[in-house]
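Notes follow once the structure below has been shown.
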Amino acid sequence: MERHQARVFSIAFRILGESGTAEEVAQDVFLELHRVLPRLESDEHVTAWLRRVACHRATDALRRRAARGDAAAEEYQDGMQLRPAMRDFLPLMNRVEQLLLTLPPAQRAVMLLRYQEDLEPEDIAIELGMPQATVRSYLQRAVKMLRAKAERTLKEYSRG
Amino acid sequence: MKKNRAERMFLIAAVLAVSALPAAAQTGAGPFPVTLGKELAARASNYTEVSLDRRMLDFASRFMNDRDDAEGKRIVAKLNGVYVRTYEFDKPGQYTPADLESIRRQFETPEWSALVKERSREASDDADIYMKLVNGEVQGMFILSAEPRELDFVYISGPIRPEDLKDLSGNFGIPSDAYKLSDKGRDKAQKDATKKAEQP
Amino acid sequence: MVEPIDRFEAELKEQLQLREAPAGFADRVMARIPARREGRHPWAPVVRWATAAVLVGAVVAGGVEHDRRQRIEGERARAEVLLALHITGTTLNAVERRIQADGASERSQQNAEGTDEQQ
């Protein structure tokens, strides 16, 4: 399990933006893995299953948080306008992780599978059950949006 | 983007669905010239074409769930069609000002008002938003965004209100204040329409 | 085709290295795993899988293949709608950014002209 825990926790943390719920989600994923393990044939299957379920469970948790009206849940439109509750978590995150939170959850998952897990778009499409066109479009647009935001952050920072 | 077998099957299903409609409703390519679309696709390193008429939107709605897709479902329920084209090019200069004009021309009619018209040299950094106004209500929207190595067109047919855009905010990458733009657009489009009506 | 990554994408990869799970994570998971139930028949999983296989076989043979295809096409249509709405959003976003950028550069130009006139 230890080989996989960093992967699952990283996905949950970067989708949710804070470590408490991320750990809960990651624990749930491993409990679920324990139940389905006899059905998974190889280590590759286990890895793919963990990635997919971690993305889905973290996104579900985000949605539940939004339904409860938690401040941090729906902060993905503009990283420059994060509410105070969200800012508390930010020092724990690096710049790219903070920028990721400005994307819609589905795009966050796709970006993580691409840049954290180093998967090709075809594989992301299979793992998340999305058409390849959607994955490519999400990636292309998310990178473009993050690049623009990163440049803006840099400018605002240098203006002081 | 190379279409795989499943995507081709889907497109065939879409074409079959469209062919079963009355002639007036057959809007397979929306307002986009088919020949130009093929030419741009041939020059593009990557492209996405989505054509969804009323019938396809209805079909898709049956599979949109009320939890994750609620807002999208509500919006498309009122629309007659959504047509999207995006083309990415390896190098600049893969499309011409005339290409853009041939698409814009279809919106340069009295019922459409230009809300945004950004022009650049060689049309390589143009942006347009047109709105169709019928009895004071927005009944269509066309967006064109041209960059040196990317070209995006969006045509929405049917009632699309500022509130719709507001609801979409955050779910599909729409900026949270896009509805303000649309509010201004509706005001401007309303004024344009009044002006046109007053002209002899 | 795999496209070459640029500096920004390299930074994304660099900053998205795996994070360690919090200390004691594995122990907390193990503590939550329920103890094996006593008295379970050793053939139970086999029987369960055999039953499931028979059921799946019966369902497919029962002629629900059409429904399955319909569902796949429906899911694909749903994905196309969501993609179209997503592209609509990002295209609007791009146009709006450009308008704002132009507005800002016009304002700074006007300010510069104003300063020139005052001088």
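Note that the chains take the letters A, B and C in the order they are written out, and that residue 1 is the start of every chain.
Rule of thumb we're sticking to: contacts are C-beta pairs under 8 Å (C-beta built on N, C-alpha and C of every residue); 3 or more make two chains touch, one makes a residue touch a chain.
All values derive from a computational prediction rather than experimental measurement.
Chain pair with the larger contact count among A-C and A-B is A-C, by C-beta pairs in contact. Here C is the chain whose Cα centre lies closest to the centre of all protein Cα atoms.
Chain geometry summary: the mean Cα position of chain B and that of chain C are 24 Å apart.
With centres set at the average Cα position, the gap from chain A to chain C is 8 Å.
A separation of 30 Å divides the Cα centre of chain A from that of chain B. Within chain A, contacts with two or more other chains are made by residues 131, 133, 137, 141, 145. Within chain C, contacts with two or more other chains are made by residues 76, 80, 82-83, 86-87, 90, 93.
For chain B, residues that reach two or more other chains under the stated contact definition are 7, 48, 86, 171-173, 175.
Across the interface of their complex, chain C is touched by residues 1-2, 5-10, 13-14, 19, 23, 26-27, 30-31, 34, 38, 94-97, 111-112, 115-116, 118, 120, 130-131, 133-134, 137-138, 141, 143-148, 150 of chain A. Across the complex, chain A meets chain B through its residues 63, 74, 76-78, 104, 107, 131-133, 136-137, 140-141, 145. Those residues of chain C that touch chain A in the complex are listed here as 2, 8-9, 11-13, 15-22, 25-26, 28-29, 32-33, 45, 76, 79-80, 82-83, 86-87, 90, 93, 97. Those residues of chain C that touch chain B in the complex are listed here as 71-78, 80-96, 98-99, 102. By the touch rule above, chain B contacts chain A in their complex via residues 1, 4, 7, 46, 48, 67-68, 86, 88, 169-173, 175-176.
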